[in-house]
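Each chain gets a letter, A, B, C, D, E and F, in the order it is written, and its residues are counted from 1.
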Amino acid sequence: MRSDGRRVDQARPVKITTNYNKHAEGSVLIEVGDTRVICTATVEERVPPFMKGQGKGWVTAEYSMLPRATSVRNQREAAKGKLGGRTMEIQRLIGRALRSVVDLEALGERSITLDCDVIQADGGTRTTSITGAFVAMAIAMDKIVRERNLNRFPITDFLGSLSVGIIQEKPCLDLNYEEDSKAKVDMNVVMTGHGKFVEVQGTGEEAPFSRQELDALLALAETGIQEMIREQALALGPIAERIKGASHAARS
Amino acid sequence: MRSDGRRVDQARPVKITTNYNKHAEGSVLIEVGDTRVICTATVEERVPPFMKGQGKGWVTAEYSMLPRATSVRNQREAAKGKLGGRTMEIQRLIGRALRSVVDLEALGERSITLDCDVIQADGGTRTTSITGAFVAMAIAMDKIVRERNLNRFPITDFLGSLSVGIIQEKPCLDLNYEEDSKAKVDMNVVMTGHGKFVEVQGTGEEAPFSRQELDALLALAETGIQEMIREQALALGPIAERIKGASHAARS
Amino acid sequence: MRSDGRRVDQARPVKITTNYNKHAEGSVLIEVGDTRVICTATVEERVPPFMKGQGKGWVTAEYSMLPRATSVRNQREAAKGKLGGRTMEIQRLIGRALRSVVDLEALGERSITLDCDVIQADGGTRTTSITGAFVAMAIAMDKIVRERNLNRFPITDFLGSLSVGIIQEKPCLDLNYEEDSKAKVDMNVVMTGHGKFVEVQGTGEEAPFSRQELDALLALAETGIQEMIREQALALGPIAERIKGASHAARS
Amino acid sequence: MRSDGRRVDQARPVKITTNYNKHAEGSVLIEVGDTRVICTATVEERVPPFMKGQGKGWVTAEYSMLPRATSVRNQREAAKGKLGGRTMEIQRLIGRALRSVVDLEALGERSITLDCDVIQADGGTRTTSITGAFVAMAIAMDKIVRERNLNRFPITDFLGSLSVGIIQEKPCLDLNYEEDSKAKVDMNVVMTGHGKFVEVQGTGEEAPFSRQELDALLALAETGIQEMIREQALALGPIAERIKGASHAARS
Amino acid sequence: MRSDGRRVDQARPVKITTNYNKHAEGSVLIEVGDTRVICTATVEERVPPFMKGQGKGWVTAEYSMLPRATSVRNQREAAKGKLGGRTMEIQRLIGRALRSVVDLEALGERSITLDCDVIQADGGTRTTSITGAFVAMAIAMDKIVRERNLNRFPITDFLGSLSVGIIQEKPCLDLNYEEDSKAKVDMNVVMTGHGKFVEVQGTGEEAPFSRQELDALLALAETGIQEMIREQALALGPIAERIKGASHAARS
Amino acid sequence: MRSDGRRVDQARPVKITTNYNKHAEGSVLIEVGDTRVICTATVEERVPPFMKGQGKGWVTAEYSMLPRATSVRNQREAAKGKLGGRTMEIQRLIGRALRSVVDLEALGERSITLDCDVIQADGGTRTTSITGAFVAMAIAMDKIVRERNLNRFPITDFLGSLSVGIIQEKPCLDLNYEEDSKAKVDMNVVMTGHGKFVEVQGTGEEAPFSRQELDALLALAETGIQEMIREQALALGPIAERIKGASHAARS
């Protein structure tokens, strides 16, 4: 049993509030336990310079934590005048993961920026951001498809993410902050609705891990992420059907 | 009648949710119409270098907007690598205003940082931040007073803020974004519970204003701000009584 | 009586030396007591990106202090690698104030940058900058009007500025540095030649102020600023007549 | 067969030149194919502020590429004024990986900084940096142990790294730049001499990967990395024996 | 004959106004032709970290140009967020040159910062800054000697500077901006009152120069700089005698 | 006799390895004693904005030291977020020196960037960079001439550089780091193959120098630099002949 009473293979409760922001083309407030992230999707009718003239779109992400998202206040990166390494690593990860399920040709020369702002942190902020950003992106995509009459839905599969780790020799799913601090091995996994891996990032700074441990962690992640994807589908309602259709088409 | 149906002397509905963040010593989500700001108060047992050894505390503020708080996405200041002039101006204003009702000697050598993060903007973000930050600060002060056994409550009066402006020759209270864009004169006013002025910042870039217009704007602000202060007192419950006590003591 | 022997309603002596710089299109050295500011106006035949294609001009300002303008040396902002909040606040104020008396359509798609460099500071550097920058701008405008044959003089009124404050309960005009440090309330006022307000920025961080005090301060400012405007007119000679003509035309 | 004639399970030739720099406490020039990295280890008798007073040491890394390490010249990060996200991600990875085999207590309150400067790049610069930095660190550790009479050798195991990826459906070991550009899946693996995983970072931005593919990639990495570790041992000579001794002691 | 009627060996008129700034420990406004520089000397009772505990003082310089010191407006380095290469090169030169005639032991553990701010530029701003900064420094030194009862005057010799260059094959003294733009060879020379060289910086980017040309330029510089030093002595009055005394003592 | 046994007029051994980098259009590893610099030349078919449309090319340089090029580790300028004054001064010098022997018209509208990265420092890094960068540039020029069929070889003369200095009253050639630290006078000289001066930068911060000392230093530099140029010619082989041809043509 874990400190908050969960089983080792049990994720925290998830709550996804769609259309949380009145300005953004897509938005959610996602809560996984006490971790809360606002994800907004912004559509712009232009692509970055390195993508120009290829007839393809672009998806990118930015990540930030409010100073008091954590138990000790963090100095703002805007005040420091630069982004930290952790922030850059996370926002590169989010963007890369989302692009893996986007059909950039179908999107056309426009870009979607996913802003993931952590308003309260309790472990798993990067995986929660990915899961939430996917939903915000899907809402924005649906808006584009309807307003611009795209002939393909530009999302090819669902995408969810969770962390796993080894605490006192036991592989556990979805670590909270307290658990994360004690874990010897920490792994973030991103998977598609069809159960393929998009990102596997495992780190054993405290203690290297064996192949068997790796296998156990991946198995936990697989089950947990499919549960996250079911929550995404519920939150998306009819849009979920469009993703499933596009996903089916992409595979046939 | 205004575009959203309000009378010229009518502020938008206010909603103050206290203890919105589980980590901060004080926190609120404040909503004034569609403007939503998270204010957290962080207490630290140290003061900035220029205040050291004086036996006095310090109160300061930081302000930021999420990129998609606005209808068009703004680039993050952390990504630009510097704070803009508007941000600095606003956070200096918030800090200065709050300090005007704090008894820094009573606070002792500790500091309170108020983080005001606008998660959705629709005009009046700086005045809403001041009104919300006051409540977050009061909650944090109450915690300090109880935990450290201070012998004076370090807040000497309530503090609220609203904007006023002239739209099509008519002085109006609490402009939303659309109104703010059309206003010829724009003024932010900060006042205490006892009806004194802490800040008066009026700007007539579009059209200079006469003394009579100035008088009409100040009158609107006075009434509106007292209403905001009544909302603060409701949200604070028993803490409001402590402020009133301290305020009474400070004046006798 | 004040520490330098002035009456409460008496400003310090003003001296405006025009054409102080041989390169700039307009320039002055303005001295208000021991506060000395070099103001230069630079005309460029282009406008910032956000103003392009509107057929209108732009006026902006930058403000800086030499490191030893003050009694203790200040580190250069160029060495720190960023502009401070105070600098940004002041240069935004100067630009906004000047634009309030400029007919941007009459100016046409060109921009004027006013550089206000404080070479010696003794209180009132922002109000002195505004008063001096107006004169430098007027000289540059006159040059543009003559060289480009504009059919309207693009300045619609005079513009002057002074500070006022409350020292030991007494409202006083034009505070020097020593007075400014002791003042409980500090207010900067910008007014036009026709006696309208362009900016009113009053701050009571040390002690909130009542409506009566505010009224007394505004009255002092009104009289003092008209005196500053008379000095501007003397310094400008024949150009002053052109401003009066344009001002009269703009009102009829 | 691959474009350079290698088998899918064949790494490029490795060459490790020790003591390449006369100033550093440890240094190598490591070449893996045409990828060349200078790794230097700097020992300092102090630790970063967050480690002070714990009686433990610290190991950290910095990574950079010369502007013309690549076929197209890259602008220097020093000229841009900030480190890019890729650089930060890589140097965090190198530091974390090295620390996993360091006994920080045995090291004592001193720090080792590994500088990895890529002077020519042809794929695999981060894995080559880890493999080379390990050798430079071991040389520096040996120097510390001898000069300060430490009673334990502070390295607990060997550490090597290689990339693997899927090119045209085929899992391949040690991708060069051309292969890396074409790979659908790209994975960097760091392992110890005892065959445990320290980092597994797999990315399928172009195409998600199945569990079987992941298994095949990990198997390739395991074999290849043990070969890299044999090269490290050869280059280290007698120091290799000390690592083996410490490694053995740590496990018994 | 040169464009402004001077002989090839004739410097422009020099004017040195001492005590130009009421706050600084030493200050001048120096004018060499139309080049005008304000030099202030700031004394602080501390030295930079790398000089601590050596019982010696430090002298350093900063250099800047007002944006409109030149015929085309330059962007402020504070706005750009960094110092340019030219600025750094010049301020390093000024500091180094001044230190060559300062007895840092006699100065004791305190530092003098020379701020050289060019308010109008017409060629020779760095040499004018050196000549002016020497005078400001001497005034500040005299103040220190008197107030702290130093037993040696910490300046060991006079120090002046001028530029020389080759225009249309002719070596010329003290180039103005127009001449500087046309010069094939440009050289800045700093010399002591006793005729020794402190800095010789000659550049032939446009055309390499022969040994004979170099000799002719040095001869011109020698004569011109001694004239500058006579002007310094006149401006310094009795302080000049103290420098001469210290200079004599240092040589016997 | 000097600490490393050299005569006062003897430079350290020089070794120039051409084509050290497989990507760059020209490259060398140059070693002068223990000072080692990688110089790469990058050709781009564009010029900086200020050179556009003039039908001329541009040559520029960047300089950097690896953190552990020196006996004490230096913080990276990329990590500090800005280039230091020394770096900027050196890279401006290298670029200026190289341009003095380039026929920018013959080069055409393209630019060459010389990156000089010091991988090990032992005095004379800037002069070694100039000597090495010249060779890298010549190789790149030869490539341009052949590939673009230029009708003139765009280099008009050889260019070499060495330092000289006064150690214990003795003028010496090519100071190593230990000597440089003790030298009272330090001078960097850049000369052409025809024996003309391109840069003379002498500094006597520790002790001003007389005209006779200056003459002795220049004489040493002249002889030493011609020796460096002979080494360049050997390293360049047939390309050296093309430079001689162009140099002869430029003079007739």
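Quick note on the criterion: a contact is a pair of C-beta atoms (placed from the backbone, for glycine too) under 8 Å apart; a residue touches a chain by one contact, two chains touch by 3 or more.
Here the structure is a predicted model, which means the values were calculated and not measured.
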### Set of chains adjacent to chain A and to chain D
none
### Task
Quote the value, from 0 to 180 degrees and to the nearest 5, of the angle by which the CA atoms of chain B must be rotated to coincide with those of chain C.
180
### Query
From chain D, which chain is the farthest off, judged by mean CA positions?
C
### Query
Any idea if chain A and chain B meet via the same residues, over half in common, or different ones?
same
### Query
In whole angstrom, what separates the CA-based centres of chain B and chain F?
60
### Query
At what distance in angstrom does the C-alpha mean of chain F lie from that of chain C?
52
### Multi-chain contact sites of chain D, meaning residues that touch two or more partners
81-83
### Task
For this assembly, give the contact graph shape among line, ring, star, complete and other.
ring
### Query
So that chain D leads and chain F is second, what is the order of every chain round the ring?
D, F, E, C, B, A
### Message
Going by the contact rule set out above, which residues of chain F touch chain D in the complex?
### Response
21-24, 27, 34, 38, 40, 42, 44, 62, 64, 66-71, 73, 76-83, 87, 113, 115, 117, 119-120
### Summary
In the complex, chain B touches chain C at residues 82-86, 88-89, 91-92, 96-97, 99-100, 157, 187, 191-192, 194, 196-211, 214, 218
